[in-house]
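Contents: one structure, followed by commentary.
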Amino acid sequence: MDTRFFVIWMEEITAAVRAGRDHLTRLDAAIGDADHGTNLDRGFAAVAEALAARPPDTPGGVLVLAGSTLIRKVGGASGPLYGTAFRDMGKALGDAADVSAAELASALEAGLAGVRRLGGAEEGDKTMVDALAPAARAMARTVDAGGDPEEAFAAAAAAAEEGAKATVPLVARKGRASYLGARSAGHEDPGAASTALIVGALRAVATRRSPRSESRP
Amino acid sequence: MKKLINDVGSVVTDTLRGVAAAHPSLRVDIENKIIFRRDAPRPGKVGLVSGGGSGHEPLHGGYVGYGMLDAACPGEIFTSPVPDQIVRATTGVNGGAGVLHVVKNYTGDVLNFEMAAELSDDEGVEVARVLVDDDVAVRDSLYTAGRRGTGAAVFVEKIAGALAEAGAPLTEVVRVGREVNDRSRSFGVALSACTTPAAGRPTFELGEREIELGIGIHGEPGRTRAAHREARELVRIAMDAIDDDLPLSGETLVMVNGMGGTPLMELYIVFAEVAAYLKEKGATAARRLVGNHVTSLDMLGFSVTTCALTDELTRLWDAPVETPALRWGR
Amino acid sequence: MKKLINDVGSVVTDTLRGVAAAHPSLRVDIENKIIFRRDAPRPGKVGLVSGGGSGHEPLHGGYVGYGMLDAACPGEIFTSPVPDQIVRATTGVNGGAGVLHVVKNYTGDVLNFEMAAELSDDEGVEVARVLVDDDVAVRDSLYTAGRRGTGAAVFVEKIAGALAEAGAPLTEVVRVGREVNDRSRSFGVALSACTTPAAGRPTFELGEREIELGIGIHGEPGRTRAAHREARELVRIAMDAIDDDLPLSGETLVMVNGMGGTPLMELYIVFAEVAAYLKEKGATAARRLVGNHVTSLDMLGFSVTTCALTDELTRLWDAPVETPALRWGR
Amino acid sequence: MDTRFFVIWMEEITAAVRAGRDHLTRLDAAIGDADHGTNLDRGFAAVAEALAARPPDTPGGVLVLAGSTLIRKVGGASGPLYGTAFRDMGKALGDAADVSAAELASALEAGLAGVRRLGGAEEGDKTMVDALAPAARAMARTVDAGGDPEEAFAAAAAAAEEGAKATVPLVARKGRASYLGARSAGHEDPGAASTALIVGALRAVATRRSPRSESRP
């Protein structure tokens, strides 16, 4: 995957977040403070702008710029967490101009590690970690088993979606939803849902193969 | 949703334009969303910076001024400010004696202020933090995000601000700020949810006779839903929760706070019951605030915050303050 | 209807209990429903008494104290006080220099204060009156009840109170009070009706995108119903109405007032537009108040009140005041 | 009519106002400030108490005590206006122990004069005067024509009711409703409606003849 692939990934996320904004905000209204969709929408719109203004020339550069932009623009819990995830992924990719599926898989693990270090959440705490961790595991497993990138991304996306859905019955132990105690059960975690969008966007880029950025408004 | 706004996207900026126009004693950096004391930085004085999501007005911008904060960083509605903003505020109020961050305990606020503290440190500013976590509705535990910070933020900002104004060093200002937080407890009750401009509808729905007990300040539902009842009983629920956690006694600083949509008349009715409850416990409302201080947009409801006073805390509370929302002695 | 009250019948009394508990600087006669300055009567000082229906808090009780009112008489919700109550307040603040009644122009307030003035006169107290009638939404005419008194009450009480505090005689205090009223204009906008505890439901119904223009402060509908629109345009409607009646120019005292349920954030957004409008007209917001001052229970909305300042009025506005709701210079 | 008759009239008003309280308040909500029912209810409850505590021994004494009590307890516009009406009626009756229908008719006119002097309202201004004036006229006319008290009260009550209904299309020129301008049209004036209750109570007392006060709670 080259720099262009990562730029398109970001564009794909931006579009998915825009489309899913109100849904994410509704999820956050149920167990949080009703801003997750607007937070990420503001953040990824800024990412798109930053990429257009200062196009990086490596995959790592794309991810680091995306991460820093999220940190600068989102605020809230998800800003530093996603920002760190993308930055740490980007740093893991180093200066490489082209990235293999295996390299991307371990970058994803680095991103996950960043989120865990910063937020201190374990799997099962009803956070984005519940989607990101299984996604990283599925991608690594598929690549290890010799799967091609498309298969690896599909597996990761499916695992993220499943992980997000699996947060529904959980009682939150981190983030705002934890204030609700037992009442947080029965609702999908908004951060896990947005992680599923982000990983899903990776699958979409790979499946379509054809870059669609030019025709996007 | 009917609100007095121009555009959902410009709510925070338009608010800052109003703050700037209304208070010449403040310097408002609208682009970077920072409210400064006009005379900041004051050489040799510890700087106080706070911030958090918007929608809690007058918190925090209304507490910027002589004897309280040097700067406030409002984020988007209910969204923590971003690190750049906090760094800019921090360096902007640094008079060489270091800067105190007053941070309410929310994952977002904590993470963004932490990042900002690291970056400020890189720029050579000594930063310390007081974490405010006074809300007894949230059970604290190693495995959760811990208690929320709510009303005690006003107490910490006032009292630590007075000590900083008096020229105390950062370590002392931190000490007194933590002491205020340790001695403070809050509990909130909502009669309605609030409506964020972006969502355009209430964050939760309550029936005609339903209320939420143990709410926070971001429109999140509380710990339990219950039947509405008279003010006296609502106060008893709130005060029992506080008293269970930290028994009330002696001279107490008390705030009865409106959530934004509650008329002052009702807050006085609540305050009458709070004062009666304290008396029952042998405590006294030695210092008092009644009004909208830490709000949740248009939410109906109230919160009570108590702080067990010491002579030092009383003296610092009484010290002169001159901000848009608190003003005495000058 | 969800309100923080104990009982519909005890709302005013319970509020007064809260006011008494919250403000040791006041002496509250709960039985007779009078809020006194603790040091009233002050020998040789003109006494200032105001009053009106409850439900407008902090008006009037919140303006009792040094440099403003000597006593306030709250009636039942939206109901003028009764003559006995006013007489008791009047004689209670009489320091021998006479007493000024600040009366908002409503039939009920006028009649009850008139009766009280006659009875006070019988008891040997010299009483004079300033009638406040600043609301430009009401067309004045010989054949109607005339303009309503709204926000300008705060201006009259502050400025006449400052002159009385300075020891001026009754004639002078009356003169300046009338001058303030003559130079003041108000216009109000409601986004929702209010709900009186006794009625238990809103006094009128507004659609999701409807507002009322030219409302008073008692939940009465305005002159016209209109479509909701952005804050900037609402402000233009209000300011045009004021400017049509008394062209805005020069140094202006401006209050952007919340109707009780409006968050401070929105009032700042409104204030930004008011300041911009004044600038357009070549006027300046030389003195400013933003907040809940003359409310209508839980109503959503705002009013703007302007007063064309003179040097004397500015000086008196700036004079020290120490009341629950206004406090500076002391 | 003796003192007892007037005491029962006051009791009858108290009951009618209690029963009509919410209706009066609703009328006031439409064009005023939603307190007319509670105002009068508070006032007449106090009148009943005052009469029980200090029973006057003349018809005039009953009315003067009722009026003073209304002035002391009601507040608002209606307190001084109704208070003055009853006081002026009472004063017109002097010390008489028994009152003829003709005397009561001219007392009613005195009460009306008091309201007009104090409030400055003309007929057609959409106030209580629009019920009180026709009631006073009807009573005087019936008495003049030789009608007995029962007929005179019935005529007065009917005229008051008609007068109240006739306020519906009017545009208010006095009181709070005048702030509404043209929008005040289409609603019955609450004060005119309560005047109809007060005059209606006079008819009720006379019609029933049998005092019912003992059995009332």
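Going in written order, the chains are labelled A, B, C and D, and every chain counts its residues from 1.
Keep in mind that, in the parts below, a residue touches a chain if its C-beta (ideal position, glycine included) is under 8 Å from a C-beta of that chain, and two chains touch if they have at least 3 such contacts.
Chain identities (UniProt): A, D = Dihydroxyacetone kinase subunit DhaL.
The shown structure was predicted, so the numbers you read here are calculated from the model rather than taken from an experiment.
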Clusters that remain linked by touching, chain B excluded: A | C, D
Farthest chain relative to chain A (centres taken as mean CA coordinates): D
CA centroid of chain A to CA centroid of chain C, Å: 55
Averaged-CA centre spacing for the pair chain B and chain A, given as whole angstrom: 32
Where chain A and chain D are represented by their mean Cα positions, the distance between them in whole Å: 75
Overlap residues in chain A, where contacts from two or more other chains coincide: none
Multi-chain contact residues (two or more partners), chain B: none
Graph class of chain-chain contacts, one of line, ring, star, complete, other: line
Pairwise chain contacts under the document criterion: A-B, B-C, C-D
Chain B residues touching chain A - in the complex, by the definition given at the top: 53, 75-84, 106-108, 111-112, 114-115, 137-139, 143-145, 148, 196, 198-199, 203-204, 216, 218-221, 223-224
Residue ranges of chain D touching chain C (in the complex, touch as defined): 25-26, 29-35, 37-39, 42, 71-81, 118-119, 173-176, 178-181, 183
Interfacial residue positions of chain C with respect to chain B in the complex: 2-7, 11, 14-23, 54-55, 57-58, 62, 191-192, 208-209, 211, 228, 230-232, 234, 260-273, 275-276, 285, 288, 290, 292, 295, 297-298, 300-302, 327-330
